[in-house]
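Notes follow the structure.
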Amino acid sequence: MLETFWILLLFPLVGAAINGIFGKRFSPGLIATIGCGSVFISFAIALLTFFELLGLAPADRAVTNHLFTWIESGNFVANASFLFDPLSGVMILVVTGVGFLIHLYSVEYMRGETGYYRFFAYLNLFIFMMSTLVLADNYLLMFVGWEGVGLCSYLLIGYYFETRVAGDAAKKAFIVNRIGDFGFLLGMFLIFQTFGTLEYHSLFSTVAERFPAPEIGFGVLSGITLLLFLGATGKSAQIPLYVWLPDAMAGPTPVSALIHAATMVTAGVYMIARSATLYSRAPESMLIVAVIGIVTALVAALIAIAQRDIKKVLAYSTVSQLGYMFLAVGVGAWASGIFHLYTHAFFKALLFLGSGSVILAMHHEQDMLKMGGLKKYLPITWATMGVATLAIAGIPPFAGFFSKDEILWNSLVSGHGHLLLWVAGVLVAALTAFYMARLMYLTFYGKERFSHESHGHHDDHDHHHSGPPKEPSLFVTLPLMILGVLSAIAGLVGLPAWLGDNRFEHFLEPVFHYAYTGDGHQGEHSHSLEIGLTVVIVTLALISIFLAYRFFVKNPAIPERIAERFAGIHKLLWNKFYVDEVYDALIVWPIERISRFVLWKGIDVGIIDGAVNGVASLMQGWSNRVKRLQSGYARAYASWILFGAVLIFLYYYLAN
Amino acid sequence: MVSTTQFLVLGAILFSIGTLGVIVRRNTITMFMSIELMLNAVNLTFLAFARHFDQVDGQIFVFFVMTVAAAEAAVGLALIVLLSKRNDSVDIDQANTMKW
Amino acid sequence: MEQLVFYLFATIAVVAGLVVVLQRKAIYSALALIVCFGSIAVLFYQLGAFFIAAIQVIVYAGAIMVMFLFVVMLIDPESEFFSFNRIRRVSVLALPMSAVLALILLWAMPVLRESDTNSQSLAQKGSIEVIARSLFSDYLLPFEVTSILILVAVLGAMVLAKKVD
Amino acid sequence: MLASENILTTLLLIPGLGSLILAFIPGKNHGLIRNLALVITLVTFICSVPLVLDFDASTADMQFVKNIEWIEAGGFSIRYNVGIDGISLFLIVLTTFLMPLSVLGSWSIQKNVKAYMILMLLLEVGMLGVFMSLDLVLFYFFWEAQLIPMYFLIGIWGGARRIYAAVKFFLYTAFGSLLMLAALIALYFFNGGNSFDIVQLTERLANGAVVLAPMAEILLFLAFFLAFSIKVPLFPFHTWLPDAHVEAPTAGSVILAGVLLKMGTYGLLRFCLPMFPTAAVKLAPVICVLAIIGIIYGALVAMVQPDVKKLVAYSSVSHLGFVVLGIFAFNMQAIGGATYQMLNHGISTGALFLLVGIIYDRRHTRQIADFGGIAHRMPIFATMFLIIALSSIGMPGLNGFVGEFLVLQGTFLMSRTYAVFAASAVILAAIYMLWMYQRVFMGRIENEKNMTLQDMTPREIIMILPLILMAIWMGVASPSFLNKMDVSIQKVVDRIEDVRTDEVYRVEQEQGDALSPVGLMTTSELTK
């Protein structure tokens, strides 16, 4: 499979094409079979390839499939060729694996929708684009996937295009992403100008050659990395471009799970890890990445606490977790970042799918204050989501614990680490445990705050039965259970140093071969310090969960009192720090107004056309005056002729 | 012998008189006659030069001018008749539709 | 003698010309014009253009002017008063401008050396034969074209005259 | 099939004679006239295919050349001299490719179909002639000749303000071309009154056989440049474009955007750069800034347009800004990208206008506010529109991206600042296109009239599908196009490089090496 692993890209593409073009006439069963089947085949191929890769010596674990030359002009060449190495291997497994489960989930979740075929076509297209992104062997091809997933995200967020919210959210997502892509593009230009290639391998070896040590101050590498990072903030919803992700929840829940939690939004992290060679030589950028990451994590976690919409909480949670990943890569812990990406994909996808299951059971009610006590109705959902919550909260031995622990440890001890980063990271961990516990308690515990009658706000979705909430079918619960198991055990591949060997990190090591690791401080610290810090973090998380239990189960009045007491802060958090409003007032509104009134009505119609038409009317004005000579009186004409003749004679007479 | 210059002076005077007539008269027919007068003034000049340079071409030219004048008179007078029927007048100022 | 004849007929021509322009009645103008043409014909003769002089009398004073008279009689134009009311500004200028024109033409008169005047062959030059020879050799094409012109003019006149209502 | 030297002439003759045939068909027979026009344009297209197949990509010389006497008087010689190189090859194919589609897009024309189709065919002759002429006078002849059919197409079959638009279009263009005419004649005399042969003239200017004084070169450059930049149109000469587009019938807009605008950029590449490289290098900063203003300005103004067609028209201003910027960035990527972008713009904007025409035929309005939610009623239409819109905003995998990317990268090599500003259009393009898409296609159907909309008919699908396939092909397999252009573009770039090196040398001589002049820096940056 290693020689032809690229064919795994074909299946989703073909699936998308078939469903997209002919799907309207297909039965739902056929559509679902094509949709899920194509992704499953891709997953199987990815798995096969992955195991073949494992059979190779670590240094040889990078296989390229060259397909054709895509763009060639002068000394610029971009190939359509794909790379399978440990990093892209992990990514493609996550993408196709989680992707397949979510496809499976959608079979039931989306049943009865009018655009069933459309949905699966988009979803398949997304898998294709995402695979392109992670398998590309050069930045330009990665950019194809990068934009492609943005497009699919646009299509899928706007899936319910008849609602205005969905349309707005889709557009916002795409445009904000485009701002990031602007940076990505410029980053690529700068790479090409400086190093003459966009192909990973030759680029990284050139960089390692030309920059044996990190650059001092703000140089070209810092420029490149910051521009690329701008792209990453767009795609991965970091400050300042995170605003689109919460809105993106207007899309169907499986989409939120796949695109806006597990895969697409992690592309930025993947990209930075991929560019480790560049970043590790640009300490200034590293610092910025880490700071942005942790600030985003903190801000998003704070906002998440005050949200009532179950999917909004998860969305901000995603932003926050992504911040963690950026913190990781920002401190040079590339493998830890990818490790968290990998575990996060499982538990966050699970959380979204679980919330989807809840939403389905609640007839499309998303407000957590109108839920409660669902545990007895949705046991499987409750159990799996519980696992995921423990995982994201960082409770051992669930997956999130290992990855988060790695990140926090590295943020303290790595060459780029700092105590402040660690403190903030721990704070975020505690907040995460708190808001996730809040979500669980509000949803599954306490009083039932809903009636058993119809809750449907959306009449057109009212194909589900009214009555008490009940667990959806196996199509929904099976993916939940599989993801639940994965959320529980996936972390075991990356045990911390004091527990054994971090196999995940070692596996990824060849990818970061060219990354600069000169002055790392790792290994100087004792295991006892690491264990001690871990205990602190876990304890904090447990305390947070307990607090949440007190607040939202034992004594529901407390949060209300707190909210009243700190009304200002609560309002600020509830309104997400007014970032959308600020962007609107500072950027969107002025641009729109200036374009309309200054550029179009002012310059275009006013000045330029005004000048042109002004010349014309000037001409007209003059001819209006001059035309009076054309009086219609023949004698006047004759006089003019005479006058002219006299003038001519005079001229000749005087000239001689 | 009468000098060429004398003829030319006469021609100039006649021409100017004709011009004056074309401009000040409103009667189309009189205007027409003034034009004929101008043509004759020119003919006179032609012939004067023909004699002066001892060439026959001047006379030929006068011949042509006369032919054209005849043709012009035929069409022009037809037009005048037409105009007078339409406007009930030969006043040139009443035929002022040829303008912007 | 020649000078006398010249001045006599030149004066008649100028006076008649003035009458043409200044006379209020078109019929008088026409008659004055005939007189003018006649005296000009004499001057033509004096210039040695015998054939042209003959044509002047026959065609101009005869044919064309008769046509004018016919038209004058046909439409009986009302008497005209000098009035500048319609196009005052232009007409006011007409007289001075005509005067200026005349002055310029006189001033600009080429100074001709009279000795150059070649009048020996006047009789030959003015003879019909000389003209005919030239007309039917060098000027054959314009001559023929002229015939078409006249044909067209005749047709045009007929069409125009006929076309009323 | 055809002797290679006669292919180009055949291409001119088919639509030319075709229009003659149409002239003899009774005007009431609409169906026959339409079908015949379609067949004629299709045959033209088929005849242009051998150009691509037989094109020799290894030489920058003119190919398929036919050079015969046309007007000869003494030493004065105007020749019928046609031929193509890598730059004009695809523009010709683009023209023949778009024509049948625009004829298909004119099915809804009811008024005087015969005259319409005849004018369309004559327009094709004019456009093809511009791209293949190798004689200055012949070029000028075709340049002006295509103006007249277009004028009538807008003026007769246009919208409410068609007269204003047609006259504006005509005057703008004619103003430019008169300056060009003067420059053509001047060139003829600078060339020693020898010939109007473009290739020969370019060579003689390049090898120093004809030397222009610096001022003369700048003036000649400006005369040509003004003519072309009005046609392009470059900011601030662009205001004729929105009016002409909005008022023109669908096919008129397609041709106008798809081909006519390319004549301007083609002219820049064929005349301004190779003939007056020094002036081009000197004036490039100004031109680049104008192009960038056009890019951003066009996008911003497009954003707030209430009329779909006007939006697309302003987006053309933006896209063509990219082309001009690429041309004046003077390197392989940028000029290659610019040439590619010309084709892309022809495909995607042509398709956009056809699509707008489809909806206009149904609703007789183009106001965005009149639509909304029509994706419900017209899913195929919505999908096709989206694909084309994405191609227009440079989605990777579709054609627009390749051109835009190359242009921006080439520009980046020349000047980072320019590239940063130009690249911001990437964002703006997404905004105006998607915003419009959202308002037209998404949401609920608010307007009762939109409830009865019918989706695309087979004819309309056939009309759009080739463009979509082309957009995908050009987005994926760009080398099949770029490789054929490479050598010809290289020749232009080399010419500019020669001048730039000379210039640097001169500056070095004058200034010694006390200060490093700006020109030196750019060149050293390039050679790095």
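For clarity, chains are labelled A, B, C and D in written order, and residue numbers in each chain start from 1.
Everything below uses one rule, namely that a contact is a pair of C-beta atoms (placed from the backbone, for glycine too) under 8 Å apart; a residue touches a chain by one contact, two chains touch by 3 or more.
Remember, predicted model here, so these are calculated numbers, not experimental data.
Enquirer: So which has more C-beta pairs touching, A-D or A-C?
Expert: Result: the pair with more contacts is A-D.
Enquirer: So what's the Cα centroid distance for subunit A and subunit C, whole Å?
Expert: Roughly 99 Å separates the two chain centres.
Enquirer: Roughly how many whole angstrom separate the Cα centroids of subunit A and subunit D?
Expert: 37
Enquirer: Indicate the whole-number Å distance between the mean C-alpha point of subunit A and the mean C-alpha point of subunit B.
Expert: Going by mean C-alpha positions, subunit A sits 94 Å from subunit B.
Enquirer: Approximately how many whole Å separate the CA-defined centres of subunit B and subunit C?
Expert: That pair's centroid distance is 6 Å.
Enquirer: Provide the list of subunit B residues touching at least two other chains, using ranges where the numbers run on.
Expert: 19, 23-26, 93
Enquirer: Among all residues of subunit C, which ones touch two or more of the remaining chains?
Expert: Residues 86-87, 90-91, 94, 97-98, 101, 105 of subunit C each touch two or more of the other chains.
Enquirer: Quick one: which residues in subunit A touch 2 or more of the other chains?
Expert: Only 631, 633, 635, 639, 642 qualify.
Enquirer: What are all the touching pairs of chains?
Expert: A-B, A-C, A-D, B-C
Enquirer: Can you name the residues of subunit B that touch subunit A in the complex?
Expert: Touching subunit A: residues 19, 22-26, 31, 92-93, 95-100 of subunit B.
Enquirer: Sort out for me which residues of subunit C touch subunit B in the complex.
Expert: Counting only subunit C, the residues touching subunit B are 2-3, 6, 10, 13-14, 17-18, 20-21, 23, 26, 29-30, 33, 36-37, 40, 43-44, 46-49, 51-52, 55-56, 59-60, 63-64, 67-68, 71-72, 74-75, 77-78, 80, 82-83, 86-87, 90-91, 94-95, 97-99, 101-102, 105-106, 109-110, 112, 114, 116-119, 121-122, 125-126, 130-131, 134-135, 139, 142, 146, 149-150, 152-154, 156-158, 160-161, 163-164.
Enquirer: Residue numbers of subunit C touching subunit A in their complex, please.
Expert: 86-87, 90-91, 93-94, 97-98, 100-101, 104-105, 107-108
Enquirer: In the complex, go through subunit A and note every residue touching subunit C.
Expert: Interface residues on subunit A, with respect to subunit C: 631, 633, 635-636, 639-640, 642-643, 645-646, 649-650, 652-653.
Enquirer: Would you tell me which residues of subunit D are touching subunit A in their complex?
Expert: Contacts found on subunit D: 168, 236, 238-239, 242, 297, 300-301, 303-305, 331-333, 336-337, 373, 375-376, 379, 383, 390, 395-397, 401-402, 405-406, 408-409, 412-413, 416, 419-420, 423-424, 426-427, 430-431, 434-435, 438, 441-444, 476-479, 482-483, 486.
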